[in-house]
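Look for subunit A in each of the two complexes below; its partner is subunit B in the first and subunit C in the second.
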Partner chain A sequence: MTQLVIHTGMPMTSAAVIRDQLAGWREPLERAGVELVAKDAPKAWDRAVRQVLGGEVPPPLRRVMRRTQQGEAPTVLLSAELAARALGSRPTVNALRALSRDSGLTTKVVLVVREQLDLLNALYCRRVMALETSIGFESFVTDALVSGRLELDHHFTALQDASGVELVAVPYSRLDHHLPAAAVLEAAGAAGGAAVTGADAAADVQAAADDRWLPGPVLLTATRLLHKRLTRLGAVRKRPAEELGAAVAMLRHRATDAAWNEVPFWGWSQDLAATAEQHYRSGNDSFAARVWAAPWPDVAPSRPQTRQDLASEPPAVVSDVMTMIHRAVDELTAGRAVAVTT
Partner chain B sequence: MVERILIHAGAPKTATTFIQRGLYSNRDLLADLGVYLPMTGRLELEPNAVCHHHLAWALISPRAYRRSPQGWSALADELSSVDARVVILSSEAFSRVASKDDGSQLVTNAARELSESLTIAYFVRNQLSLMNSLYGQRVKSLRMVEGFDYHTDNYRSRRLFDYEALLKPWYTDDSLRFEAVPFTGSRDVDPLAELLTAAGIDLGDAVLEHESDDVNSSLGPVGIEAARLLGSYLRGMFPDFDSEEMAAKKLYRLSSSRAQSNGWCDESFWGWTTSTAQETVDYFSSANDRFARDVWGNDWSIPMPVDKETSAVSLLDLEPSTLERIQRYVFSLTHRFSGMRAETDPS
Partner chain C sequence: MDQLRAGVLVTRLVVHIGAQRTASPGFHKSLFDNADTLLQHGVLVPAAGRPDSSPRAVRHQLLAWSFDPDGDHPYDATVWDALHEEIAASSAHTVLLSSELFAAVAADPASAPLLRNRLRALSDDVTMVLLVRDQLDLLNSLYCQQVRSLELTCDFDGYLADSPDTHVYDFAASFAPWYAADDVSFVAMPWDPRTDEDTLPALLSLVGISVTPDVLVPGDGEGDLLGPVGIEANRLLGSYLRGRFPGFRPGEPAARKLRRKAAAAGQSHSWDNDEFWAWSPQQAARAAERYATSNQEFARHVLGGNWDLPAPVDRERNVAELVELGPASVNQVHRYLIEMEEAFERLRRREAAA
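What follows is the complex of A and B.
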């Protein structure tokens, strides 16, 4: 039988890095009997996963399945973060079950899960740094709690209930920082997958490090201020994304130069963390009991909250931040490109 | 001959400027009542107020005032030809003197050189409001840029806020009369009238007059954040910035006026949360009760606004339009400061 493995993950679980690493290992994986049926472009992976979750068999998968009929037993590996959201829907899970049954596939979903406090902190940083929001961390968390979108047990109920589709969950904390794709291969039970995990190319390592990077509180503050000022001037809507990105890159570059980011941002106060932990605890325990038959493995990190109070920063930093933002806003509103370096 | 000296010693942020301007506005009336307001020691920057800061500073830095026309010797010379029932010396800086070791005695000794009869009047305000108000003043005058919690954590243990420790040397001194006046901040009460009454000066049917107090408006929550950012930005742009330099003092007045015209003084600032307020009330509770029993004969009864909701805001949570105005405020005032510095010190 052909084994179909779909790797996916909660947001901020290195899904893109994992996919890129898998794509980079295409040849050794094929030699080990693991087929990547999508081409390297992320859109191709997403398209293939959408087809499978819609109950269709993508042509490359069909070709692999024919080989199975000739006596081979390959593993087909798909990877897309978008699958995690889709697999929260019972009709989607049912479509996947039907596809597996009708096509004679053994289907496994490898889901990377992340402890929510750590995740929300990272997610907040990503959204601020992408100039998607400038709201405060507490408001961001409150919205997330109300939306319920990170409640594992609730979201993946259908997947946990589904017969014919195996769910394998991997805690994000257990991923190798440099080679997170290795843990996915291991969880997939892909024969020979271990053979490629030594291929720690420098590019892979750098990409994985970038993925885990968190801004410091000053950079985050500066970016929120930039967003607010650009919003006020209508520039967030009017200017192209790459120009806005250049403005953020300029701040980030300055942050690195001026060592604004020695401590990564951690937005949780004790009270807010206690509320969120309480909110997620029972769902996590229930999910862990069903998937691992063990307690939830991760303890919420306990770190001191980093302040976001620009005026309390060293004066040189304050004048630096204000000047840089002023410059970026001036250039963007004048329609000029922002130079990343200063 | 001076029959009695009345020292109005504070506390800061208990309508002292209002009282000192009121003393000036009502100087003729007070003169008719036998009250003399010395010229010596008055602050030059406040020509329309009777505030004798130099006399307090002379006790802190006696060397600097040894031959000064603003010191205690000069005051003695001035009073030598004065015939008055009461001489009033007013400066909240006397509380700063008293907050130092043996400082209270310095004030008492200096006054005794002028008259055997001494009254010290002190307005007592609940510590929550006092610390809140002092914070606003420090931020507004560009002396402080840190957040409210930093301020309260670092200043709470100062003697200024512990009335028992601060004022005991005066209220246990049988050779002087000490008047502790509860300060509530109510606009229904005229603090100058209260001071005069406490000092035994009978106004009779006379009505006190007061000028408006618009320059001294307190910053609201947005104004606090704007002034903090201004103070921090100034220090970043001018590493030798000193809030005591002349250009900074001029900027303080300009920035206050700008804050007021921006509407940043319309709301009042309250930096305490209910939990930090309660913790602070507990911290002072025993000393306050002992102080109140000693001076008023009962437990502390000045209301502590523990349940008042905080009005503090975070700069980053302000509306983009407000941030835009704050940025203009910071940049334009920094530019003005640069010009003022050049005028003050052309070198």
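What follows is the complex of A and C.
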């Protein structure tokens, strides 16, 4: 019987890094009987996962299934972050169950879960640094609490209830910082996992480190200010994404060069953290009890809130930040490319 | 000094010592506008001790600054001698000096005896006048003023932690040696920014100088306040200029001139339409409680009654942080910094050329 493994994860659980690492290990995995049916491009992985969740069998999966009929028992591995959101829907879960049953697949969903306070802090940083938002952290958190998407027990009720689809959850905190894909292979029960965990390519390690990187409060503030100025001047809509990205990269480069600050951003005040923790606690406990038959493994981090009060920074930082933003705004509004290095 | 100690120059000396942020700008302009009228009533408002930087206001700042030779301000070692000469040449029976900076000089145990000697050398009848204001209001206003004048860039909590103002304006602790002394008379007048009483006639009446109020040119109120966005913009401006121009001093001539441009720009952006208020209700309640006993003691000794200036403990905090402002305001503040930087560069060049 073909085993279908779908790796997915909550936001900010290194899903893209894991997928890239898996793609990089394609050959040793195949030798160990693990097939990656999608090509390396992220869109190909997403398309294959969409098809499966829509109840279709992608052609490459069909080919593998034919080999099963010839006596082999390969594992097919798919990976896409988008699956986590889709699997919050009961019709999608039912479609996956039907596909598994009708196609004779043993289906397993490997879901990487992350403690929400840590996750929201990282997600906020990513959205700000991508110039997707410039709202304050508190507003961002309030929106997230209202949306309910990170409430594990509630969001994945259908998946937990589904017979014929096994849910294996992996805490983000247990992923190897450098090789997070190894934990996914292990959770999938893929025999090839051990064969590749020795791979420790520098590129993998760097990508994993970048994925976990958090900006400091000054850089985050500078990026929010840049976004606000560009919004005011209409440049966020008018300029291409890569030019906007170059402006942010320039700020990041400068932050490193000039050592604006080294402390990673932590947006939670004590009160806000207590509210959010309370909000998520029972759902996490209930999810953990059902999936692991054990308590929720992670304690919400408790760190001092980092301020975003630029005016309280040293004069050299204030003038540097404002000069860099001004330069980027000038270049972008004049239709010129921003040089990343300064 | 021998000459100073030797004799009495004038029958009566009245010294308005502040406090700061008790309508002083309006009061000093009113003193300037009414100097001739006062002289006709025998009251000399000396020209000595007034810096050139504010020619249309009477502020005897040089007299106060003379007690701090190392400070970032003009200094004239001969200023008291010049005052002496001016008084000696006048036939006025009363001399009226005014500088809100005298309060800090009088409150400091090191400089207080020096000030006392200087004043007593001028007259045997010295009256110190202090306008008192509720400390919450006063410290909030002082913080605004020091941010606006580019002296401070810290936040309000940093100001409360580090500034001597919190001690200077503990009225009983600072001025008990003066009101307990028998060689100087110490009087006080409560001042509330919410009333629009003209300070000069009230002060003259308090110290018994008889001038009919209707012959005086009316003075202005406190004026020139900045709202939360303006305060944030000026904190940033202070930091920004320090970062862009190593060696920047808020007291340097170009910086002093820049303040006027900055104030005009702030008005054009309507940053004065709102009122900055730095205290959270909890913080205000704690501070009010801390000052209450001292204020009551001061009032009993100096005002002859109870302290009745209300402490605005219930007022909601009204501050701004740049990054939390809307895109239009962020853009406006950023442009303000760039414009002020350019203006400052021009002013510095002009100063250097001059």
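Here is the rule we use: the second predicted complex is superposed on the first by the 341 of 342 C-alpha atoms of A that agree within 3 Å, B and C clash if a C-alpha of one lies under 4 Å from a C-alpha of the other, contacts with A are read in each partner's own complex, and residues count from 1 in each chain.
Assume a contact is a pair of C-beta atoms (placed from the backbone, for glycine too) under 8 Å apart; a residue touches a chain by one contact, two chains touch by 3 or more.
Quantities reported herein were computed from a predicted structural model and do not represent experimental measurements.
**Q** In the superposed model on subunit A, is it clash or fit for subunit B and subunit C?
**A** On the shared subunit A, the partners clash.
**Q** First (subunit B), second (subunit C), both or neither: which does A:Thr231 touch?
**A** Both partners, subunit B and subunit C.
**Q** Which partner chains sit in contact with A:Asp320 here, subunit B, subunit C, both or neither? Use first/second/both/neither.
**A** both
**Q** Per the contact definition in the header, classify A:Arg252: touching subunit B only (first), subunit C only (second), both, or neither.
**A** Neither: A:Arg252 stays clear of subunit B and subunit C.
**Q** I'd like to know which partner A:Lys108 touches here: subunit B for first, subunit C for second, both or neither.
**A** neither
**Q** Would you check which partner chain A:Arg239 touches, where first means subunit B only, second means subunit C only, and both and neither mean what they say?
**A** neither
**Q** Once the shared chain is lined up, is A:Arg97 touching subunit B (first), subunit C (second), both, or neither of them?
**A** Neither partner.
**Q** Residue overlap on subunit A between the subunit B contact set and the subunit C contact set?
**A** Touching subunit B and subunit C on subunit A: residues 134, 136, 221, 224-225, 228-229, 231-232, 308-320, 322, 326.
**Q** Provide the residue numbers of subunit A that touch subunit B in the complex, in ascending order.
**A** Per the stated touch rule, the residues are 134, 136, 221, 224-225, 228-229, 231-232, 307-320, 322, 326.
**Q** Going by the contact rule at the top, pick out the subunit A residues touching subunit C in the complex.
**A** Checking each residue of subunit A against subunit C gives 134, 136, 221, 224-225, 228-229, 231-233, 308-320, 322-323, 325-326, 329.
**Q** Within the complex, which stretch of subunit B touches subunit A?
**A** Contact set of subunit B toward subunit A: 145-147, 150, 225, 228-229, 231-237, 239, 314-318, 320-321, 323-324, 327, 330-331.
**Q** Over in the complex, which subunit C residues touch subunit A? Could you list them?
**A** 153-155, 158, 232, 235-236, 238-244, 321-328, 330-331, 334, 337-338
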